[in-house]
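Here the chain labels run A, B, C, D and E in written order, and each chain numbers its own residues starting at 1.
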């Protein structure tokens, strides 16, 4: 007994020595690791990019990071569908990137998951596995920010399909956004309503702004509010709710109480359907319900789920599926053939963003034949493009028909289309109405 | 030939992996009152629970009406005609008196005789009739014991197992209760296996008795012979 | 009664709903003795211990330990004062090893875990648990071992007074003898005063210096084991009144 | 702008209707917990599963969602019984932790099955005969909600009737009180457990049918209901139907008033704060006994 | 006393040394380093949970209430007042511990336990989630890009990984220290049987509160690291499902087992990432579904979790090193 105990004591003395040594070694190792870990990283990056003297580029790698699981999967999956379709068309019908000797686009899909952690991982994974030349993504602003942080470090151009304004205001060098920013949606909705009210001599006394409380909904709603105030209309009430809302009853009651002439509504997706149905059921007469910010009311899916409830609702759209340009008609048709539904905004943004990337690659091939895929060269090519319906397929796919990027990567001509549900079909009514369609204002 | 209604043969039983009963054998004949007495912790309650199948049976046989019921689940043993009035009465406190009684007649055959049985119970315990719509939890000690017994009778048992029915009752009620047991046996022909701490009372009304200690039967015989047996007192108090 | 009084209970009462479990019970435990507390089922023995050790708050009366009023104090405070107990229904620490469980008790008087472990080991050996069982989880030992570990865990808190609540319930006769020896040893060699609640008379009559008898919540009588066993009141309490 | 008294009245009414539906949602959970002691963290996800089922059925049969209960109730009873045998029975009487782990696992499986099968788009039923409001002057009433509230009340009272006035109900209550003594009455406790779990799950199917008259299905809707139903049970105690109804209505009204008076964004915070505070002072629930 | 130091510091050192080699082994591939970083953060949180959940046996579902509170505080101090997170993290730890005190004291005082404790902690996350919508608004707060140890924010992930490795080592040794100390014995006794624990002189409220506050302060400290690894924070940081996920890791790992919890956190994170990465795009939700099946299986078949396996492994390794101790 005793001997065992003293034996233990003896052990403990040597042990503490050993431990002390290990700590010292660990600290030294830690410092060494720190010292060594920093320098190699910058040097490792360039070595991985192929910089052979004579570029024989066979393929251009396009990464797409979208939320494919979780709550946002509905958008991400459609975006990926759209990308697949467009890559097919580019490779097979347009013969790849001609200025790069017909190099084909190759698509690498990565799931961003539902939170920034998984999005950042997805970006790292995509880059370390394939090192794409351009990356698209990631629809949700938080996820996009996490991705951008990584692409920025690796100097890979990121063409964003997330709309929240601040993403282009961070001083990032390799981010680009073709799509209209969120606040532009709010502005467009207000401009449209005020214009129509003027035209039809409808007076607007009471206005309610109703939005889901994510950053997207809030940013769009702020756009609505500031544009209203700029036009001298003070919104009477702003109601926010979580897009996971399950019951609109109390909000309907509040709206009944406020009795507004116009409701500006910024839903996410499911909440829009819920609201429309609840409002329809309530029998409250609202002169007009103007949606803002995309996917709420005029999606084929929404119309299917909500039925008549969304009749005459409008919505601002980052994409105009009804635009009567050659390429837009064609791609909408092919999308419908392949997936059996109209493309919504999630797909539309990818259409023109990816097409823009394609045209940017063509340009880069012309501008920098030695090293077209270098990120700085790509950026220069992107910024140099000045596209319109006549010279560009991307512009034909874009609501305003014009794309030109500002130095911060934001589209100078960013703008939305407004769609209205008429007879159960989404119809484009603004800035100019599609053929044979007249906007219905106010609601009958 | 005696008519063994219930028989335990070399039973070892307990809870979980712990054994409480070590080699218990006993027999109850039809029409008998058998008392099972012994100091607390001797295994009396465990014996009754083993009979109705609420313990782990490790070894031995339980025979009822000549057939082995070792593997019959508790609810079917009740159907076969066993009924236990558990220690502490075990009435369903939030339910009414009547609901408690109905539950006694839960299995199908008993349900058919429901009104008869109810009448019988009310005849034996007129108090319960007065209180039939009362919540059982509000009954006095004596009344709830009557309810527990009445409820057991509702299943028209062939044998009634009573676990410490007089526990916590005033002496006057205790003697009333023992008269009722006697009446049950004589008038209603119910066989009784009685576990009691009122040893002398039990021996008075029972025909035969077993004395248990530390999970074993240590003494058995005609009750009248056991009453004054010095060994009985020693089983309880040693000295 | 001239010996030093360790615990004094004065007019203790406890009711549960309509049932009076303890009715004005007064009693004393003197230093060094083994006091047997007996009585038929429902007599209020466990309630008495629960009131003394703070599990229940009594409805009336006082509990004085070494002259200090500890009525209604929390259990851990009372344990710290020096009253320990075991449980009628064993309360083992299933997912702790035997030695850990006892060490948890020993830590009441020390912060040093190693010291507490050593103490625990000594106590375990004292009550007869072999070293080979020290590292076995609580869920893997036999009933008798549970009883002994429970006992060791209580002893490890270095109590002045230890209540044993039906410590031999469910044990075989030869196991009862083992416990009896241990309990006597605890009293004599460790100098711990014991209050032994028990139904198994062979055990309690054998080890007790003095017996108090509770019946229906009241103190019935007290005295030497042999006297108590022959007291007609006690006999009646156990065997029932004469047939009516 | 100060809310008008009309609005408050309307909110209270909305809250009451919502409360009735909540009581139906909580009823099954309460039964399963009260009778079997099973802590089911997947309860909300069963409502979600039911909502999808109702969506498929109502759209393909082109009929009102509430009528789909004819199918969902028996089907969910079967599903409940199967889950009981496969998953719940092995953890009966185990520590809460284990039960929670297992039922959270069930919830994960259901959620992601739904995601795989239906993707994340929310699904609503188009046809509802009841989707209109009736104006009553001071307040107006959403018929779908009124109907779901009345039907919920009817079902809750029906279950109350079942529990108090039938043999099975008597057996269930006896089992809830003490399963050992219940078995001494000749009650097959295992069968009662199977029945109760089946009933608990079939009630979620029913609640889903009513929910879908004005709500919608998405894979994550279960988590909205899961904690809320637990809160209702905690407030109501396990005493019985009256406590359950009272606490459901309180939660519904609090939620509704928070939505109109504060902000819909925070409509869960206040019921939960109330819940925590109630637990401090009455761990057995606001209307619980004991 | 000195003899015991080895027993809880050594394993932590082994983890640090082994962990420090990871970036070298993967050639500083940022994907693997980030995966390692996230695993280490999750493991640290799960091991902190082990103190309240594993040792004290209280099923706490509020981990991200404390992560969020501490993290958002430290981040805000940094972005708004330019206070280094080195200070902010300690303040975050303090604030989280304070919140834990105000939650835990009444809960333990009034004897709320079991499922009700679990539910009130689950409710706490939702409450903070909603309150923070009112306070923060619905915005994402992006941590501006400032590099360096002063801000603990870097372009590449290695440095943050090393730092979090040190936190992990600290949490591991704290766990081991607690399990070998008086507090640990007391907490385990409380977990096993509160009444019996009280009767051997354990002030159960005090020790439960101590465990809760320790757990909360660790999480409050880690909060900043969690947020900086995400780049943004918002009210969504108060995440109910992640809080449940942490408890699930603790259960799958085995209550009170350091090696089990550590292994479970690593395995679950890596498997989840593998399935998401390789199968996520094919069948959305498959990895979570498999995770659910794993949970059910563990709950029914191996309630002791992975701990028996990992403990045996640790013992074997120990025996190798020490030459056959117990």
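Quick note on the criterion: a contact is a pair of C-beta atoms (placed from the backbone, for glycine too) under 8 Å apart; a residue touches a chain by one contact, two chains touch by 3 or more.
The shown structure was predicted, so the numbers you read here are calculated from the model rather than taken from an experiment.
A.B. asks: When every step has to jump to a touching chain, what is the lowest number of steps that links chain A to chain E?
C.D. replies: Shortest path length, in steps: 1.
A.B. asks: What is the minimum number of touch steps required to go from chain B to chain D?
C.D. replies: The fewest steps needed to get from chain B to chain D is 1.
A.B. asks: Using the contact definition stated above, find the chains touching both chain A and chain C.
C.D. replies: Under the touch definition, chain A and chain C have E as mutual neighbours.
A.B. asks: What is the chain whose Cα centre is as far as it gets from that of chain D?
C.D. replies: That would be chain C.
A.B. asks: Could you find the chain whose CA centre sits the greatest distance from that of chain B?
C.D. replies: If we average the C-alpha coordinates per chain, A ends up farthest from chain B.
A.B. asks: Averaged over CA atoms, how far is the centre of chain B from the centre of chain C? Could you give it in whole Å?
C.D. replies: Roughly 31 Å separates the two chain centres.
A.B. asks: Between chain C and chain D, tell me the centre distance in angstrom, where each centre is the average of that chain's C-alpha atoms.
C.D. replies: So the centroids are 48 Å from each other.
A.B. asks: Which integer distance in Å separates the CA centroid of chain B from that of chain E?
C.D. replies: About 56 Å separates the centre of chain B from that of chain E.
A.B. asks: Where in chain A do residues touch at least two different other chains?
C.D. replies: 69-70, 73, 77, 213, 240, 242
A.B. asks: For chain C, write out the residues touching at least two other chains, lowest number first.
C.D. replies: none
A.B. asks: By the touch definition up top, name every chain pair that qualifies.
C.D. replies: The list of touching pairs comes to A-D, A-E, B-C, B-D, C-E, D-E.
A.B. asks: Which stretch or stretches of chain C touch chain E in the complex?
C.D. replies: 53, 55, 74-76, 79-80, 84-85, 87, 91-96, 100-101, 103-105, 107-108, 111-114, 116, 135, 138, 153-154, 156-157
A.B. asks: Of all residues in chain C, which touch chain B in the complex?
C.D. replies: Residue positions touching the partner: 18-19, 40-42, 143, 166, 168-173, 176, 199-202, 205-206, 216, 225-226, 229-230, 234-235, 238-244.
A.B. asks: Which stretch or stretches of chain D touch chain E in the complex?
C.D. replies: Residues of chain D touching chain E: 39, 87, 90-91, 94-102, 104-109, 111-113, 115-116, 119-120, 219, 223, 227, 230-231, 234, 263, 265-269, 272-273, 275-276, 279-281, 283.
A.B. asks: Across the complex, what residues on chain D touch chain B?
C.D. replies: Contacts found on chain D: 167, 170-171, 173-174, 177-178, 180-189, 289.
A.B. asks: Going by the contact rule set out above, which residues of chain A touch chain E in the complex?
C.D. replies: Listed in rising order, the residues of chain A that touch chain E are 8-9, 11-12, 15-16, 19, 22-23, 26, 29-30, 33-34, 37, 40-41, 44, 68-70, 73, 77, 80, 109-111, 113, 115-118, 120-122, 124-125, 127-129, 141-142, 145-146, 149-150, 153, 164, 166, 170-171, 213-215, 217-218, 240, 242.
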